[in-house]
Every structure is written in structure tokens, then in C-alpha cells.
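Below you'll find a set of structures to go through.
The two complexes that follow have chain A in common; it is paired with chain B in the first and with chain C in the second.
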Partner chain A sequence: MDPILILVCVILGGVLASLGVHLLPVGGAPAAMGTATGVATGTVMLMFGAAMCGLFTASSVATFSDNILLVSLSGSVGSWLMMGVTMLVANVIYVFGTGIVPVSGRVDVDPITKEPQKAYKTPQCDGHGVPNVSYISGMVGALLGGFGGAIMYFGLLNYAHFEETMAGIAAMGIFVANAIIAAYNIGGTIEGFQDPKFKRLPKALVSCGVISLLCGVLVVLVVNLGGLTG
Partner chain B sequence: MTVGGGPVVEEEKAEGFTIPPDVKQLGIIAGVISAVILIFPGLPAVIKAVGLILALVWGMDSVRKTSKYGLGTGVPSIGVLAMGYGIVGALVGIALVSKVVSKVGDSVLAPAAALGGVLLMGVVGLVSGVLSNHEKIIGMKIPKLEQGMTELGMAGTLAMLLQFSIVAGSLEFGVVLDKAISNGLIAVMFILSCMAMFHPYNACLGPDERRPRTMIVSVEVSGLLCVILGIVVAAVATTTWGVSGVVDGVLLVIFGAVVWLVCFVKFVRMCFEEAYSTVGTGMIKTIE
Partner chain C sequence: MPIEIAMLFAWMLLIVFLALVACMFEDLESDVGSQSNPNSQVQLAPQVGQVHRFFNKAISGEAPAYALYCTVAGVIAWVLLSKGAHPIIAIPIGAVVGEAVHVIFSVTAHVGRTTAQKRFEQPIYLDVLYGHIMPIATHGFMATLCITAIAYIQSNLGTLSGNPGLDHPFALPMLAFIWGITVGAIGSSTGDIHYGTEREFQDRPFGEGKRVVYHGKITRYADCGVRTQKDIAAFCAKFGGPCTGLTFGVIILFENWRTLVGMQVARYLPNLEAAAGDSAAVIGIVVGLVIGVAMIVGNLVLVRWARKRYGTFVGE
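Coming up: the complex of A and B.
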């Protein structure tokens, strides 16, 4: 049992969760009507789904590997796949079902591909679908969020000596709490790093750092009081 | 989507079916009764289920109180937050109990140590509430968010500990780990308690939302949770009677089913009775 390592893993996980949330294209209810950019669901559901997929892959890899980097990166890949498929299928539905062009509502020109955006945006709408820049941003967000969730799982499993299910569910609990606090910071919807709301990021990082620290202290408490040893 | 912006009309005089305790009283009553029931893990599962329902209704009331001002992320987020904290708090609670048991032996009052986890989670909830509501940090500007998040952390932890107590019949770390956590049951508990907390207000919100009607949905979902927990208690029972016994589990299933049926019928009747008039919300705002 190493309290410092547990704290580092939990805080890193919480802060990365918060960063990941800020990068996802979350559209919320307006996106369900095709009048806002992003996937048509809440931050919590997207990050929860991504983190769960990441934890599945990470826990599978953790059964045969003790390498922290390998386990964490496998978590990233799980989240990555989940978010990639979600955004792709959402786009298929938007383009072929609703008949709208994926376009960003916050920037006039795509900062990565330099494609014009404003001309394709329906007036009085806030963008549609998942444009290229949001897709890339979402992939980076899922990568970071999955890495955070998996590193937390690894810390709880190997440094705190939690039993597998307990480590998984505790990591999920702390991760989700941090993701929700980050979601409050962006007010529910965000397009990705090009969104002006992204500038609020430091506030969420500080809040999530403090909350993860408290949760990490509680985990250390559980380890000490519960007498968990390797 | 939550009801956003604008002043929110405070508790109106409810017509028809009412629940006596108001928002403040319910928190105290539910918290105290659940805590007292939690201290005695030897009680029959049905009584612990009453405590569980009270804790979940308390959580639902806090969700309703905070999310009627519009969170921006939807009502479910705060219910999931409560149970996320609840899991961590419950782990601290059972660890505290096992420490006390190892120090002073298996005394009757040892499970009271689990309340330490509830209080610690209250502190974490308070800190997160202050961080989210403070103008210089996240600045959500929701009145009494600090109090709401504190209550949510405590209610989530109480609900989780009571479910551990129902399934494992004890609050000791090893027993709970063996009977409720390592077999994956904790995931079912997590998501169904989340449902009991966030689903009622998420489903009922709107201009004519009424507290008693929302509350009855929470009790109904808790009834379903009791049915599932009862099946588990009966299935993994080691004795035929007493804590973690077959009869205990069957009684819990019957209790849950009755609670679900009564509340569901009542809820549907209430909806029929109150649906005759709709409250106007005005024209939809247009973007400039």
C-alpha cells in the first residue's frame, strides 16, 4: 500500500476525466433536433459510456499485465472505440436520416481542415451533427478520459489492493463524480476545443483536482481501516 | 433538459393527496430513521427496506430541490453524482465498521461506525457544492446547491449501506465484499438507486410538477429495487429464516411488489385526475 501512489492515480484520473469532458462534442437536447453541434445526449451519458468501455478493456488487460502504461492505454483504446463509433453513427443518422450537413456553429472556418462552416449553417441554428474538428476533438477527449479512468482503476487495483469488482465500481464512482462537476462547468453542451466555453477549463481542473484529492484520501482510509494488503 | 432560467415558484398548496413533511422535515426524518435502521443489521430485510425507501426519497427530494433551477446537464447527472459518492462513502463506512470490530470485538453498536462514512461523504458533498456554486470557480448560481449536494452524498451513502445490509446481513468488510461486491451485485444496486433518485423528477418535471406525485414515483422505483434485492437474498440464502434467509427474501419480494403495485396505481390515478388542466408556458423564445 502506497498512499502517495494511490493519491496520484486518483487525482490524475479525476483531472483527466474533467479534461476529457471538455473535449467531447456534447449536443444535449438541442442536438436531438439537429439544431446544435454534437452527439444528442448529455455529458454524463457520453463520458459514462466511454469510461465503462475503457474500464472493460482495461480490466481485461489488467488480468494478465502489471504494466501501468499498457493497462491505461488499453482503457484509452476502449473509450476511443466507443466514442468513435458513437460519433460516426450519430453523423450517419444526421446526414442520411435528418438530411443536415455536419457543421460547427462556433467557428466560421474549421481550425484543422480549413473548411468553411458558416455558409452551411442553417440560420437560427447552433450548428449540426459532428463536424471534422469536433470529431477529432472528441477522439482526443475519449483518449484522455479513458486513460484517466483506467489509471484510476489500476491504482485502486494494484496500489490499494481493492478486489477487481470493487476497484472497477469505485473507479467508476469517482470518475463519474468528476465528469459531472466538469459538465456543470460547461453548462451541459460543448463542441470541442474550438468552443469558447473551453476557456473555462482551468476552473473545472481545479475543482476536480480538489474533489479527487478528497476521494483519494477516502480510498486511502478504506485501505488502512479495511486492512487491505497485497 | 431542465426547466431553465426565470424565478421558480415556491411550494404551492397541494391539492388532493399530500405528504405531510415538507422539504426540510423530510430530510431530517428520513436521515434519522434510515440511520437508526442502519445501526441494527440484524433487523428483518423488510424493515431495512423501509429505511432504504426513505433514504432514496430523501435523495430524490434533494435532486428535485437542486435541479428545478436548471443544471444545464439534465436531471440524471446529479442523481448519478449522488450514487457515485454513495459508493465511495459506503466503502469507507464498511471499512470503519471492520476496524471497530477488530478493535473492540463484535459489539452490538459496531455498525454505528458506518455512519462515519455517511458524515465523511457529507463533507465531500459540501466541498463539491461550494466549488460548483462559488462565483469565482464554477459559478452555477443555484440557491442552496451546497446543502443539496451534502444531502445527496449522505443519502447516497445511506442507501448504499442499507442495500449492503439487506443483501449481506452485516456491515463487515469481508462479508459485504463477498456477498454484495465481488459478485457484481453492486452494479445493479448502483444503477437502480440512481433510477430511484433521478428518474422521478426527470419524468415528472414541467410546469405542473407536484412534489407528492414526483415522490410516489421514487417509492415505486424503490419497490422494484426491493423485489430484485429480495430475489437475491432468497437465492443466496444460507438459512431458511432470519437475516439472509429464504423467508426473509420472499417477504422482501412480496413487500417490494406490494409497494410497487400500490404506488404505480396511485400514480396513474393521480395523473388522470390532474391531467384535466394544463398550465400555459407561453410562446417559445426565438433566437435574435
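Coming up: the complex of A and C.
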């Protein structure tokens, strides 16, 4: 048991989870009516769903590789694929099921593709669909969030020597605590890095760092009390 | 190709098919019960004078709700399996218990929510309550059954394909929880759009976002008579539901396929060569990244096509 490595994995995982949540395009309930840009679900649920996919793959890879970077990257790519497919099919439904053009409500010009946005937006709506800038932001967010969840799992499995399922449950618990703090900071909906709400990020990172530190200390305590070895 | 590897890929494809069915039924169940994000409009409707005959079941977000049902089902199945029951018996019994929990939550959520709207003169229609319980339970049962079956297959994948070293390290209930969360998150993210943006506001202009002034003013009349959610499931089953099922199926396909391809190409299979583990992981990561980049390009093409085809906003 190495307490420093456990703390580093948990804190890094928590901070990356928070950063990942801020980059996701989350439209919540208004997006389900095409009234806001982003994916039509809650912040925590979307990040949690993506992180779970990543955790599944990371735990599979951890059975045949003990390289921390490879296990974390496997989790990261698992989340990236989940978000990629989800956002793409959401756009397919917006375009072919409801006849809506994906458009940002927060910027007049897409910062990546330079496509104008305002002319395509429905009045009294805060954008609709997942425009390219939000899509790319969401993919980067999923990569970071998935990496965070997987590195936490790896730390709990190999440095705290938790049993596999217990390591998964503990990593999930710490991850969701950080995701909820990030969701409070966002306050409902966010389009990605181009959204003015993204500037609130530093406060969330500090809060998540502190929360993750407390969680890490708790893990070290549990390990010293005998651990979750199954 | 050795038979063990062929069996691994065959089981993976069965999991993908089950995932497709699970997520489609999960989305349609959320449409029948009006759970998740578009339910905000069903909740709001009486407050703007639109008394309706919709089922109002906002138990929680779909992801935690399905995590609960699938974990209950997974735990019951796991206990029965540990007592020596056959999977053909254990998995459906687990799913039935999970659905019993679901139905209890559905009835209490609908009655509780609607009772709270008495001040807006929204009645509790008993025929709506009785008429929606079975569709909710049956759609939910299909989703829970498939997820529990996926969890069972994955936790015994190696044993089933002739190489016990490839069993997933997580226990069956944990896998049921993971896929319950994921199926709920996907059903909420994709299928809800077809219900919330299109079917819930079908008497509003097509091809535009639903403006804030329309909120709460949902479409209450069907082709014949007053609309209930049973009409909505039939509509969404033609596009939103299958798309949602496809999302989860494709995710499971990519997740499992890239890992297996990595194992196969790096020659980790069939003898589980420990020295090839890192190479297998690297190949899996690279394959995943390539698929992701292809999807980013796909989204660029889709958005560009929609902008060109539909043009700028021309309404008022």
C-alpha cells in the first residue's frame, strides 16, 4: 500500500472528472424539446454513463495489463466512444426525426468550423442539437472524464489492493461525488468550452480537489483498517 | 481460427443484439410512462390550463432508475445462480422482481404527482393508471431481462466460450448496475428527443426548436379521440426507439470488439500470453481512437448536410 500513490490517483481522477463534466454539452430537459443546445439529459447522468462504459473496458484491460497509462487510456477511449455515438445519434434524431439544424445558442460563429450559427437558430430557443464545437468539446470531456474514472479504479485496485468489484464501486462513488459538484457549478445546462459558464471551472476544480483529497484519505484509512479485499 | 476465439466473437455479437433490444425497450418504456426530460412538459401542462390524460411518472432520471431495476434483477439472478438454479430460470425471475419494484414506483409516482396537481384541476384518471401499468411493466421487463442476460454472459464470457480466464472481473450485479446506468443515460439522451421535440408538440410547426412559449402546451388530442401515452409509444417505435437501441448496441459493439480485436491481433488469445497484454491494450486504444475520429468527421458531414438542406430559419 502506497498512500501517496493512492492520493495522487484519487485526486487526479476527481479533478479530471470535474473538468470532463464542464466540457460536455448538456442541455437537460430543454434539449429534449429542442429548446437548448446539447444532449437531452442531466450532467451527472451523462458523465456517469460515459464513465461506466470506460470503467467496464478499463476493468477488462486491467486483467491483462498492469500499465497505469494503458488501463487509464482504455477507460478514457471507452467513455469517448460512448459520448461519440450518443451525440451522433442524438443529432441524427434532431436532423431526420424533427427536422432541426444543430446550432449553438451561445456563440454567433462556431469557433472551430467558423460556420455562422445565429441565422439557423429558432427564436426564443437557446440553440438546438449538438453543433460541431459542442461535439468536439464533448469528446474531449469524455476522454478526460473517462481517464479520471479509470485512473481512480487502477489506484484502488493496484495500490489500495481492493477486490475488483469493490474497487469499481469505490471509484464510481468518488467519481459521482465529483461529477455532482461540477453539476452544481454548471447549474443545469452548458454547451462546452465556448459557453460563458465554462469560466466557472477553477472553483469546481478546487472543490473537487478538496473532496477527492478527503475521499483519498478515507481510502487510505480503509486500507489501514484491513481494506476491501473481498 | 480456434473455436474458443470464434465463440468469443459469437457471444459478443449476441450481447450486442441484446443491448439493441434492451435500449429500444428502455426508451419506449420511458415514452409510455413519460419518465425523464420531456416529462417536465407533462408536469407543466395543467399549470398552464392544459388538463391531460398522460401518465406522469417522474420517479427519477432514467439512469438511476434503470440502475436500480437492473441491479435488483442482477442480485436476485446472482443469488439464484449461486443456489444452483439454471440461468434460463434465474435471469427471468430476477427481471420479474426488478419490474415489480418498477411498477410500485410507477404507481406511487403517478398518483403522487397527479394528486399534487389538484389545485390545477388535474384529475387522476383511473383508466389511464390501470391502462399504462402493463405496457410499462412489459417494456421495462424486456429491458431489464436483456441487461441481466448481458451481465450474466459478460461475467461468464470466458467460461461460456471455453477459456475461464476471460471471465469479466466484476460480479454479475455490478455489471447489471453499470449497464443499467448506461442504458438509462443513453435512452434519456437520444430517444427523448423524438418524444419531447416531435410527438409531444405535434401540432406545432415542424423543423424548428420548440419555443419557450409553447412549453406546457402539449398535444392532447390523437388521430382519434384523446391522446394517451400508448399512442406515443407506437409513434416513437418507428424512429426514436430503434435509433436509441442502435446507439447502445453500437457502443457495446465498439467497446467489446476493439478489446477482442486487440487481444487477437497482439496474439494474447487463445493462450492468454501475459507478455502480449500491453500490446493488446495499445491496439484496442488505437482502434477506439480511430472510430472516435471517424464519428467526429461523421458529425461534421451531418451538420453540414443539414445546414445546406434545411437552410437558415425562415419562420417568424
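Following the convention adopted for this analysis, the second predicted complex is superposed on the first by the 226 of 230 C-alpha atoms of A that agree within 3 Å, B and C clash if a C-alpha of one lies under 4 Å from a C-alpha of the other, contacts with A are read in each partner's own complex, and residues count from 1 in each chain.
Following the convention adopted for this analysis, a contact is a pair of C-beta atoms (placed from the backbone, for glycine too) under 8 Å apart; a residue touches a chain by one contact, two chains touch by 3 or more.
All of these numbers come straight from a predicted model, not from anything done at the bench.
Asker: Can A:29 be said to touch chain B (first), chain C (second), both, or neither?
Answerer: A:29: touches chain B and chain C.
Asker: More residues of chain A are touched by which partner: chain B or chain C?
Answerer: Of chain B and chain C, C contacts more residues of chain A.
Asker: In the superposed arrangement, does A:42 touch chain B (first), chain C (second), both or neither?
Answerer: After superposing on A, A:42 lies in contact with both chain B and chain C.
Asker: Determine, under the contact definition given at the top, whether A:169 touches first (chain B), second (chain C), both, or neither.
Answerer: In the superposition, A:169 contacts both chain B and chain C.
Asker: Is A:94 contacted by the first partner chain B, the second partner chain C, both or neither?
Answerer: second
Asker: So, A:158: does it touch chain B (first), chain C (second), both, or neither?
Answerer: neither
Asker: Check the residue A:124 against both partner chains and state whether it touches chain B (first), chain C (second), both, or neither.
Answerer: A:124 contacts both chain B and chain C.
Asker: In the overlaid three-chain picture, which partner chain does A:104 touch, first (chain B) or second (chain C), both, or neither?
Answerer: In the superposed model, A:104 contacts neither chain B nor chain C.
Asker: Would you please give the residues of chain A that touch chain B in one complex and also touch chain C in the other complex?
Answerer: 28-29, 42, 45, 48, 124, 164-165, 169
Asker: Any idea which chain A residues touch chain B in the complex?
Answerer: By the definition above, chain A touches chain B via 28-29, 42-45, 48, 124, 163-166, 169-170, 172-177, 180-181, 183-185, 187-189, 203-204, 206-207, 210-211, 214-215, 218-219, 221-227.
Asker: Write out the stretch or stretches of chain A touching chain C in their complex.
Answerer: 28-29, 31-35, 39-42, 45-46, 48-50, 52-53, 55-57, 59-67, 70-71, 73-74, 77-78, 80-82, 84-102, 113, 115, 119-125, 127-132, 135-136, 139, 164-165, 168-169
Asker: For the complex, give me every residue of chain C touching chain A.
Answerer: Residues of chain C touching chain A: 36-38, 40-41, 61-64, 168-171, 174-175, 178-179, 181-182, 184-186, 188-198, 200-201, 206-215, 239-240, 243-244, 246-247, 250-251, 254-255, 258-259, 263, 268, 272, 274, 277-278, 280-282, 284-285, 288-289, 291-292, 295-296, 298-300, 302-307, 310, 312-313, 315-316.
Asker: Can you name the residues of chain B that touch chain A in the complex?
Answerer: 1, 71-74, 76-78, 80-81, 83-89, 91-92, 94-96, 98-99, 102, 120-121, 123-124, 127-128, 131-132, 137-138, 140, 173, 177, 181-184, 186-187, 190, 286-287
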